[in-house]
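The following pair of complexes shares a single chain, chain A, combined with chain B in the former and chain C in the latter.
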Partner chain A sequence: MSAATLIAREEWRLLARNRAGLLATALLVLLVLVASFTSLERRSAIEADRERYQASTDHDFDAQPDRHPHRMVHYGQFVFRPVAPLAFFDAGVDSFTGNTIFLEGHRQNSANFAEARQSSLLLRFGQLTPAFVLQTLAPLLLIFLGFASVAREKERSTLRLMLAQGISGKSLLFGKFLGQGVLALLIGLPAFTVLVVFAATGSTGWGTVALMIAAYSAWLLLWAFLSVLVSALAQKPRDALAVLIGLWMVIVILLPRALPQAASAQTELATKIESEIALHRDLLEIGDSHDPEDPYFNDFRDKVLAQYGVDTVEDLPVDYTGLVSIEGEKLTTAIHADSAQRQAALETEQNAFVHRFSVLSPLIAIRQLSMALAGSDPTAHLDFLDQAEAFRYDFVQQLNRMQADLLPEVEGDDPRISAENWKEIPRFSYQSSDRLDRSDRLVWPFAVLLGWLAVIAVAAPFAARRIGRMGQ
Partner chain B sequence: MNALRAEARLLLRSGRNLLALVLLLVLSCAAVWVGIAKIENQRATIERVEREQARDLASVEDANAGPEGDAGYNAYYAFMLTQDPPPALAFAAIGQRDLQPFVLRVRALGLQGQLYDSETYNPELALPGVFDWAFVLIYLLPLVVIALGHDLVTGERETGRLRLLLSLAGEGLWLRRIALRYGAVMAAVGLPLVVGGIIMAAPAAGVAVMLAGAALYCAFWFGLAMLVGGTMRSSTTAAAGMIGCWIVLTLVLPALANAAIARQVPVAKGIDLTLAQRENVHRGWDIPKEETFERFFADHPEWQGKQEFEGRFHWKWYYAMHQAGDASVAGDVAEYRASLARREELTRVLGFVLPGVGTMNLVHRMADTDIAGQLAYQDSIADYHTDLRTFYYPYLFEDKYFTRADFAAIPRYSPRAGTGSVALGPLLALALAALLVVAAGALRMRRISGHSR
Partner chain C sequence: MMTEPHIQPAVEIAQLHHRYGADPVLRGLDLILQPGEIYALMGGNGAGKSTTLAALLGFISPESGTVQVCGIDPVADPRAARAQMAYVPENVSLYEHLTARENISYFLALSDSRRGSDAIEAALTDVGLASSAWDKRLSGFSKGMRQKVAIALALARDVPVLLLDEPTSGLDPRAVLEFNRLLDSARKRRVAVLMVTHDLVSAVDIADRIGFLIAGRIEEEREAQASGSRFDLNALHDRYTHAERAA
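Then we have the complex of A and B:
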């Protein structure tokens, strides 16, 4: 058995006798399990709720009586965002995004009823998910387990003794790395087991889970190794603890909160009102369908008349208002898509600003990885918004088409078409994209985590030499 | 006095103590600065939106108000602005103002379909929570107290000075040392708040309440430092023990409690009422118009007998239908609001037990930036919406033309008066917690003095 494994084993033996350490570890494991189960239950409750709502509003749509199709354009459809399966592990931004949108003709409504708007400020203390425990609390535990690992030997002069016995500084440090590294992975084990079991039930792909486990392993190892390294460089255990707690505070608590303020000050988002007004103005610049003298819509009318080979709107075999609605919807949707894209680009710019600093605060990297893999990141939300908007456009145009084609056959001053038609209108079904599909966004955060490990690896020989010199 | 000065010199000579205090001062200044910038930004945004809105409204006026203007069209197209300017104290405790809308447009259609619209915000930036003075106070101040206070006794014992010190300095030693540290921490966290309050012209009483909250919260942590530091044998275990307390009190228990509250009090009524309101409004197109008017007259009997009209459509029926839709979900609305209030109430109760949560409740209630503040804003919008639609009714029911003079008479929203208040319960609970822990800590310290003699 090499000196390093002996030292690692000694480290584990010591820990097994450290009652406070064991208690803290047990509490953390318990917390991971409690978080997993409550979060799992919460996710399925939310998911069941949304499925129920979706089914009931879909049913309501079918149950509408004979109507003018334009009434159905404004009756609209509600769509609910399904929760990604792994969102139980990391809720990501899910609590901060609205989860239901009312879709209707020529209006783009906001996604409403975000949990964060309906919760007290308590939510801002953090949400109890396995990700919160692993990202925020586990590093502290690893600090407590590792801060004294080398510094303790220095303080008690056992270090000098070991060096005199011929153990090199290198193998001593390597042994400590090994001991604390294995501990770190053990601490991650309950959460990893939950993930594996979840994948085994077929609820999510193995690839996603494997990457998730790899990401959190890197994160936990980072803190274990950092603790040993600082402990090796510090004179006293207390100094090591102070430095590590300071680092934790800056990396995990301070920077992640302070950076978004800088990002939002740099790139400002327009309010919803400003976007709406701008949209309205852009639209009027193209044309006003209510204005009989409007050049754009007069052109449009002439084109339609020529297409059908008639002289007046009244002679058309189709409902002209329906055609105007189709044209108008096309225009508003294009303008809105533009402005939504600009807005999304601004948000991406803000986030990219924060992500750049993940080099300083790797928490940002693990958070980004974790929520991207869990399907609870802003990208997943934007994907939902895009799909909802595409769906909105399709069903509204389909209703407008019904108005154009079917209305001329209907007599009377209150024209309505049969309720049977509503059943032909499609229902929303969200296609969740594969998390690994766009793996390019995972590269940078992984590189940051590995980069930190590499830096620690580079610093380790230097620390080992310093330890080795203490024996002389 | 001389003894105190000597102690001060001793305190600041330690690099760690000095660093901790300077760090707290810098962070607290930065937080106040960020808070002020955020508030200024929200004010500027409101002004910007007001300008845009004025232009937009002018075009609506041109299109719909005139000698033969139709109030129905005007009410349909004229969105009216409501705004919730940041309260003076919001710079210290931004609370939910990063998520909740502070500008919202409404028109005379059904309110319940408009009231819950979201503002544009970047969810990823909102996720970690705001960086403001309240954050520095609740999360970071305890860590500084721990750095300054955990080794009061153990540090002296470890250097072997404890006995000598106790025999020489006598009774006042711990009091002097703790009071000095307490004063330094309070100065670091309090001065930036006071300066910020002066810059923002915040009410002095509000700043005083926040300072009182900070003083009690800080006392609680010093009490804990005496208690834990006086019990543990080594500085390291004392520090580890106190960090453990901090984790449990400010990270673990609040997160657990939040999960429990979310589970205990569902808020799905918001969706229910939105769905029901849509159903009821649209049903109006398919049921006899008398039914809709009947429902409307229940709240507005003054228009009874004026419902007749020729043809298929009249705006008075249209707006009556929207009002009837709102009225039909009044029960759901009340339940929805009650569920939000219930969550807030449970958080308040939790604050009686957890000092961090209690302090959070106290400062945000004072700043008026919590859920209660948002509900008050929604109430004021609802009141305004009532004014707005009742303004239009005479034109609709009496078939009056809507002229430019009438347009000028459309009621405008005037911002609500702030509802920030002293949360007495949380304040007293915080005082009690601080008193208990400080007393226990003092007892512990006295015993040490006794033993060593």
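Then we have the complex of A and C:
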């Protein structure tokens, strides 16, 4: 058995005889398991609720009586975003973003009914998910297990005796890395097992699970190795502990909160009221589709009359107000899309700022990786909004087209078309992004995590040389 | 005319100089130790005794001079040099959570020694540690018992050079006698022993030579007499007191 393996084995033996360490490890493992099962349960409940609500609103829509199609445009449709399968592992921004949108004509409503707004206040402090436990609490446990790994040998002078047996500082450090590294992976094992079982049931793809396991392994190893490295460079265990706790506070607590603040200061977003006012101003500039005297729509009327070769709207073979609605929807949608695009560009700029500085805080990197793989990141939310908007436009224009084409055949002061038509309107079905689409969001955070591991690997020979000289 | 075959010294230190920062500690130390010889290095605090051991173990890079252990330079190849030596520190530092047997087994494995449990038990028996204590954790051991475990580890290594830093500190008089018997048996096996000690009585009892380290070099050396009283204890005591005052 090599010296490094012997030293690693001794680390494990020491942990096995350290009741406080064992208890803390057992508690963390228990927490991961509890988080997994409660999170799975919550995800199933939310998914069941959404399916029920979607079925109910679909049924209500289909059950509408004969109506004027424009009434149906304003009756609208509720659409629900399904929960991504791995969102149980990392809820990401799901709890804070809305997951339901009311789709209607002329407007782009924002998503509503975020879980955090409907649940107890505790949820606002973060859901108990395996990702939360691994990202926030596991590093603390790894610090607790590793801060004294080398510094303890120095303080008790066992280091001198070890070196006197002929082992090198390099072997000693490698042994400590090995010992703490295996412990780190064992701490992640319960969560990894849950992911593998989840994949085995066919609920998610093996590729996604493998990437998730690789990402969290890198994250946990990073903390284990960092603890050993700091321990090797510190004179006393308490010095190493102070430095590591400081690093944890900066990396896990301070930077992930300070960087978004800095990004907001650098790229300011308009408030909701400011956005609404600007949007309203833009809409006023193109005119009002409901105002028959509007210059833009008068021009539009002339073009339509010329197209059909008639003199008045009453002579048109189609319902003119239906055509106006189609045109109006096209214009308002373009303005909404433009506004949303500008907003999204600013948000992207803010996110890019934060992600650039994630080299300083690998927590941002693992969080981005984890959310992207779980399908619960802001990009997935924006994807839902985009798909919902595309669906809304088609749905509203389909009703407008029904109005234009079918209404001329209907007589009377209160024209309505058959309720059978509502069944032809398609239903919203969210198509989650393919894993390959996420590759651009995965490369940088993976590079950040591997970069941190590489920096530790570069610093290790220096620390090993220092250890080798510590026999004096 | 027949010439005596050259015997390589176990330890050879020549004109060794070393300083910690601006303070010189060793100033031209010369010391040769032959296989089967026991050398007691005495001196006051700060005379350079521990630095001498650190130089032999390759823990420091001397400013000038040469150090060789069985012909190996510990600065150039510390691993190979340390494979020739066993070291017993002054403050015995072993693992509290391991038993005596587990401690020896672990450190032996670290030294890449192939010696098995028989060698460990023999060493524990030789140092006089009761067999009932072999499988007890060190957390319950007295200072003397820990010292015995450390010495047992050094013996179990079965190497040509033993470096002992205050080896009898913490041992009761009977244990000191047993320890000296162990050193005598090591001498018969051609093991070279360099012990740094304040225990003049023990040194007189077992050493072949006694050197007084004063201000970084050996100022005086006494050799054991072949017959009669091995050393003049009173004269040594006076010299030692002088060395202590000089320090």
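For the reader, a short list of remarks on this structure follows.
Here, the second predicted complex is superposed on the first by the 456 of 472 C-alpha atoms of A that agree within 3 Å, B and C clash if a C-alpha of one lies under 4 Å from a C-alpha of the other, contacts with A are read in each partner's own complex, and residues count from 1 in each chain.
We adopt the following convention: a residue touches a chain if its C-beta (ideal position, glycine included) is under 8 Å from a C-beta of that chain, and two chains touch if they have at least 3 such contacts.
Since this is a predicted model, take the numbers as computed values, not measurements.
Once chain A is used to superpose the two complexes, chain B occupies space next to chain C without a clash. Of the two partner chains, neither chain B nor chain C is touched by A:304. In the superposed pair of complexes, A:156 makes contact with chain C only, with no contact to chain B. Of the two partner chains placed by the overlay, only chain B lies in contact with A:100; chain C stays clear of it. In the overlay built on the shared chain, the residue A:17 is in contact with chain C alone; chain B does not reach it. When the two complexes are overlaid on their common chain A, residue A:257 makes contact with chain B while staying clear of chain C.
Touching more residues of chain A than its counterpart among chain B and chain C is B. Of the two partner chains placed by superposition, only chain C is touched by A:168; chain B is not. Minimum Cα-Cα distance between chain B and chain C in the superposed model: 15 Å. No residue of chain A contacts both chain B in one complex and chain C in the other.
Every residue of chain C that touches chain A in the complex is listed here, in rising order: 54, 57-60, 78-79, 82-83, 85-87, 89, 91, 93-95, 97-98, 106-112, 150.
For chain A in complex with chain C, the touching residues are 1, 3, 6-7, 10, 13-14, 17, 156-158, 160-168, 468-472. Only residues 20, 24, 31, 34, 38-39, 42, 49, 53, 56-57, 60, 64-65, 67, 71, 74-76, 78, 92-93, 96-98, 100, 102, 109-128, 132, 136-137, 140, 144, 148, 237-238, 241-242, 245, 249, 253-254, 256-258, 260-261, 263-265, 268-277, 280-281, 343, 347, 350-351, 354, 377-378, 381, 413-414 of chain A touch chain B when the two sit together in their complex.
Against chain A, in their complex, chain B makes its touches with residues 16, 27, 30, 34, 37-38, 41, 45, 48-49, 52-53, 55-56, 81, 95-96, 99-101, 103-105, 113, 116-131, 135, 139-140, 143, 147, 235-237, 239-240, 243-244, 247, 250-252, 254-259, 261-263, 267-268, 270-271, 274-275, 278-279, 282, 285-286, 312, 340, 343-344, 346-347, 350, 357, 360-361, 364, 370-371, 374.
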